[in-house]
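The same subunit A turns up in both complexes below, where it pairs with subunit B and then with subunit C.
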Partner chain A sequence: MSKILDLLRLEYDLTWRYLTLGMVYALIFIAYTASLNVTTGILTLYGGSIVYLQDVASSYMYSFFLLIGLSSYIYSKSIASQISNGLIKTILCYPISRRRLLITKLVTNYLVFLPSGILPELYLQFLYGVDMKVFIALILVFAVKLLFSSTLAILFSVILREPLMSLIGSMLTLYTFEIAPGFLWSIHAEKIAKMLSLNYLIVVLYRALSSPNFLKTIMELDALATVLFSIVFPCIFFLSSLFLFEKMDLD
Partner chain B sequence: MSVKLDLIYILDIFFIISVFVIETEGLVKFFGHIKALDDLSIHVPEGISGLIGPNGAGKTTTINILAGLVKPTSGKARVLGLDVWSESLGIRRKTRFMLEGQALPKSVRVFTFLNHVAKLCGSDREEVLKVLGIVGLKDFVDRRIESLSAGMMQRLRLAQALLGSPELIILDEPTANLDPIGRVEILELIAKMNKEYGINFLVSTHILPELEEIAGWVSIIDKGKAVIEGKPGEIIPRGLYNEYRIISSNNKRLMMLLRERGFEVEDKGGYLLVKSDIHWRLYRVLGELEEYRIYVYKIEAVGTSLEEVFRKVIVGE
Partner chain C sequence: MINMIRALAVALIACGIGLLVSSLIRGYTTWTNNESIPCIMGKSFKLLDGVWAPRNIYLNVVVERGEADIKLYSNGKFLREWNNTNGFIERLQITERGHSYLLIKMIKADRNCTVSAKISFYGMERDLLTHAVFILIIGIILYILSMVKERRVALIAILIFFVLSIRPVYSVPVWMKPGTYAVYTANSFMSIMFVNGTIIQGDWKSYLMWKCINISGSQATLLVNFTLVNSSGKIVLSVMDYVRVNLNNRKVYYKGKEIGMTAMFLWPIPHKYEEVNLTRVYEKNIKGKVEKTNVMFIPGYGHQKAVSVRYNYTVVGFFNNHNYTLQGEGVSVLYDTDTGILLCGELDLEPLFIVAGVNTMTGNHVTLKKTNVDIGPSDMATEIYFLAMKILFVAIVIAPIVIAIYILRRKRSH
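On to the complex of A and B.
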């Protein structure tokens, strides 16, 4: 256990500096606070009505684009940069398995980013006393989205091994995933749009949390595919990254 | 009969494990279409050994394979009796590496970095302080790594390789970026660590005379193949390389000072040709001359290119 903590500390020291951390938190906080105007406006008007919850989520998640950019940057710095400048080789000369190293990178950076999304939501809760179920749904979806963007950024970093290219690659892919549901909705492919829309997941989670039977509600909302998509895809991304990272030559 | 054969087999295994700390058999590595290693077989015994070869001979690829960073295309390699790919973690528990131009986390402070390494290697801060003293970095503990000179970074690379009480340390070009006195200090340190703590060393270099004094075994490789292996005194006659070309900031003054110290020196116009039987002696004297503010820009032993070594030693010219 202490060895895992040592590795987490090392990863933190290698990737983060106080200035970087401060800037990341400040930018995310500003973006979220700015989106609060829209969000709270909707919440105040409709009292968190389910009909408007997706609008709330969408407005709130605009700032997630910023998070996508920042998390992609951090993972490309933590993995692709370290592969290209040879720092990964230095670390792997010590008794650390490749698998453990990659898991540490995911966990450390994920844990550093997570409060940056939760804190503004706590602020929202403190200011306007949002329905607790909305609050939980927003945090859960934020956590899922962060995991999605993190694992995708790791996969790009491992495949491309070059910081700028992996940053561009992961950002473009994440942007595509963000805008895809809207496009699919416009061409009447609602089922696939629902599946790919993590914002729709907020509605699903809110309803499921409000109902006595969590699983039954998810099934009734025809949202099992959405839930599976949000869990399975990050797993596929990360397992693929692990597989490639364990096999790659670090010459 | 069967018992006898088994016994021979067990003795054979025991002999291999106890005698060779590193062993490769028919190692081949392709990078795309480029063949970096071509059926490389080397056997490195306990003690201090040298892996010598010109640039592009395959030294770094071999060390990367030994560190488990690169997977061999075919062939076998064992370090301390463990397979380099399937048992790499076990090797890295007992072995430390100093890679050529090893990347260091530039924004981290010297002590913080070494403390992290110590924890990962099952060591503690007391050992970090001790190692910092050994490599001469005790006054730089609070400095960020990016602010260190190239020579100090090289010492830091060596420091991280000394942590965690390893059985074997593999060093790739450890004297690169060091001034003459720094080179001697590092080589003397290697000899001292071997003598006092019984640590085995494999030192990769393209400067053959550097290892003459300390190595008990030398493996010479070229174009990805082993050329010759053995004790340096047996395969390379001592004093084969006794002439050095030196270019300094003040050749005339340096010539005078070296002559005062008993060296035969000729001014060749642009550089000095110095005769010295022992590589280290010349380096030590050059180090002592620092007080005269004469800067040595270049020093190279005449006849130490591997092509010349092969011609003289192997072909017998």
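On to the complex of A and C.
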């Protein structure tokens, strides 16, 4: 246990600096609270949760765009940079298996990132006191989005092994994923658009949490594919990263 | 552990900065909403129902083909009302985030009567700023704690500092201290109505002095001296007595009974277009409207910026055993914009007069004669303007003389 904690601390010390941590938290807080338009005027009481949720869903884009950039930067710094400068070989001398090291990197960075989305959400919950289900739905979607961008960024870092290239590669791919639903809506490919749209998942999760049968509501809203997509794809990305990292020649 | 505290401190500072920046960004956005609803005679209904942000609002209500009584409730409190109106445009300030709405009751309504309300929110959200500062302070304290070697000593020092600095907080005028005084004079033709309703008229000179003797919490004890001198210079009335004033709400207590609300100061200082409860003598409540900011010349204090509060009143008494009405139409009083103290104006109804048995003094145009309250430096812009005007006047007067002398001297030399 203490070995795992030591590794988590080492990963935190190597990747995060106080300035980086502050920047990440401040930027996500700004993007999140500044873009919520409905709360600058009147938030209706009747159906206010849905109005709030729709506003959040439409303004969440800014925070996610930022999250993509920041997570790509952090993982390229944590993995690609350490592979390219050989530091990862020193860490592997600890001794620790490659698989465990990669899992530690994912867990540490994920856990440091996660409160950056929870804190503004918690603050807005305190300020407006909207339905608790709204808060849960938003946190779940943020967690899923973060997992998606983290695993994809790890995959790019492992494949490209060069910090700048992996940063650019993962950022471009994640932005493509982010804007793809909008484009697909415009060409009337609604089904695929829904599947790829994680923002749509916010409303779906809120409705499912509000209804007595969680799974049935998700099925009724045609969102099962979206849920599966958001769980299966990160798993695929991370398993591929593990496989590649284990087989990789670090010399 | 230390690293974790430091990380938490950094996260809090970051969130505080984030909140500060986003409140600035949000402050620049104007949020507008329109609501229109058909209405039925005699029925009450709500408009713009919801949680209102604590910002400045611009409210434009139109009652088409009808008349209505409209009340504005904000955060469970009654804020404003407009009676028998077919529409209005108002700028208001919402101070607290909370459930607010317009309650509309139709008095007259046609078949096609509609009420439409347009509301725009602008300016900064006050609560976000307060929270941002609070989060920043906590973050900074945590960061300092994580940096200092003697953490326990630092923690105790911070706790002691907070405990010592905590005082009961009252929204009271900051300048009101034991020893504070103000003297007002008025010299004009006045109608004076006493508490028993008797009215006398004549040329009077009045002196009103109050001095703060003691402050306990939000209660101040004032010594009031009211003197009335007739046209021949004889003192007709001179009374000195103590009153208690609640500095939170300006309520005045005399001999244990509440006698009204003083208009000797306004605190907090009202904003332009704001409606204020100006004064109250027994049950007679007078509301005033802040109209404009003037620059007034107060002898001894120079040019002072002042807000003008306009009000109307009517009181009925007996003059020569007949019913007689005293009224003030559109009279105004002026308050200093820095301290909220009364500078000058027609102070006709004031509970402090009650100590002398006077209820109303119509035409009582008072001027601040002397005070030890620092009402701020003279307004420099106005001072310079008047100085420039004086120089210009002197120049206009002297210039022809100088030119004439110059021409004459040149002619002589030729």
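Details
What we mean here is this: the second predicted complex is superposed on the first by the 231 of 251 C-alpha atoms of A that agree within 3 Å, B and C clash if a C-alpha of one lies under 4 Å from a C-alpha of the other, contacts with A are read in each partner's own complex, and residues count from 1 in each chain.
Definition applied: a residue touches a chain if its C-beta (ideal position, glycine included) is under 8 Å from a C-beta of that chain, and two chains touch if they have at least 3 such contacts.
Bear in mind that the values here come from a model prediction, so they are computed numbers and not experimental data.
In the superposition on chain A, contact of A:L14 is made with subunit B only, not with subunit C. Within the superposed three-chain model, A:D6 lies in touch with subunit B and out of touch with subunit C [touch as defined at top]. In the superposed model, A:A34 lies in contact with subunit C only, and not with subunit B. Of the two partner chains, neither subunit B nor subunit C is touched by A:T173.
With both structures placed on the common chain, the touch criterion links A:P95 to subunit B but leaves subunit C unconnected.
Comparing subunit C and subunit B on the residues of subunit A they touch gives the larger count to C. When the two structures are aligned on the shared chain, A:S211 is found in touch with neither subunit B nor subunit C. When the two structures are aligned on the shared chain, A:K247 is found in touch with subunit B, with no touch to subunit C. When the two complexes are superposed on chain A, the residues of subunit A that touch both subunit B and subunit C are 9, 13. Interface residues of subunit C, counted against subunit A in their complex, comprise 3, 6-7, 10-11, 13-15, 17-19, 21-23, 25-26, 29, 31-33, 48-53, 55, 97, 99-100, 119, 121, 125, 127-128, 131.
Note for the complex: subunit A touches subunit C at residues 9, 12-13, 16, 18, 21-30, 32-34, 37, 39-46, 48, 115-116, 119-120, 123, 127-128.
Of all residues in subunit B, those touching subunit A in their complex are 31, 61, 64, 67-71, 89, 92-93, 96-97, 99, 101-105, 107-108, 112, 116-117, 119-122. Against subunit B, in their complex, subunit A makes its touches with residues 2-3, 6-7, 9-10, 13-14, 17, 82, 85-87, 89-90, 92-97, 247, 249-251.
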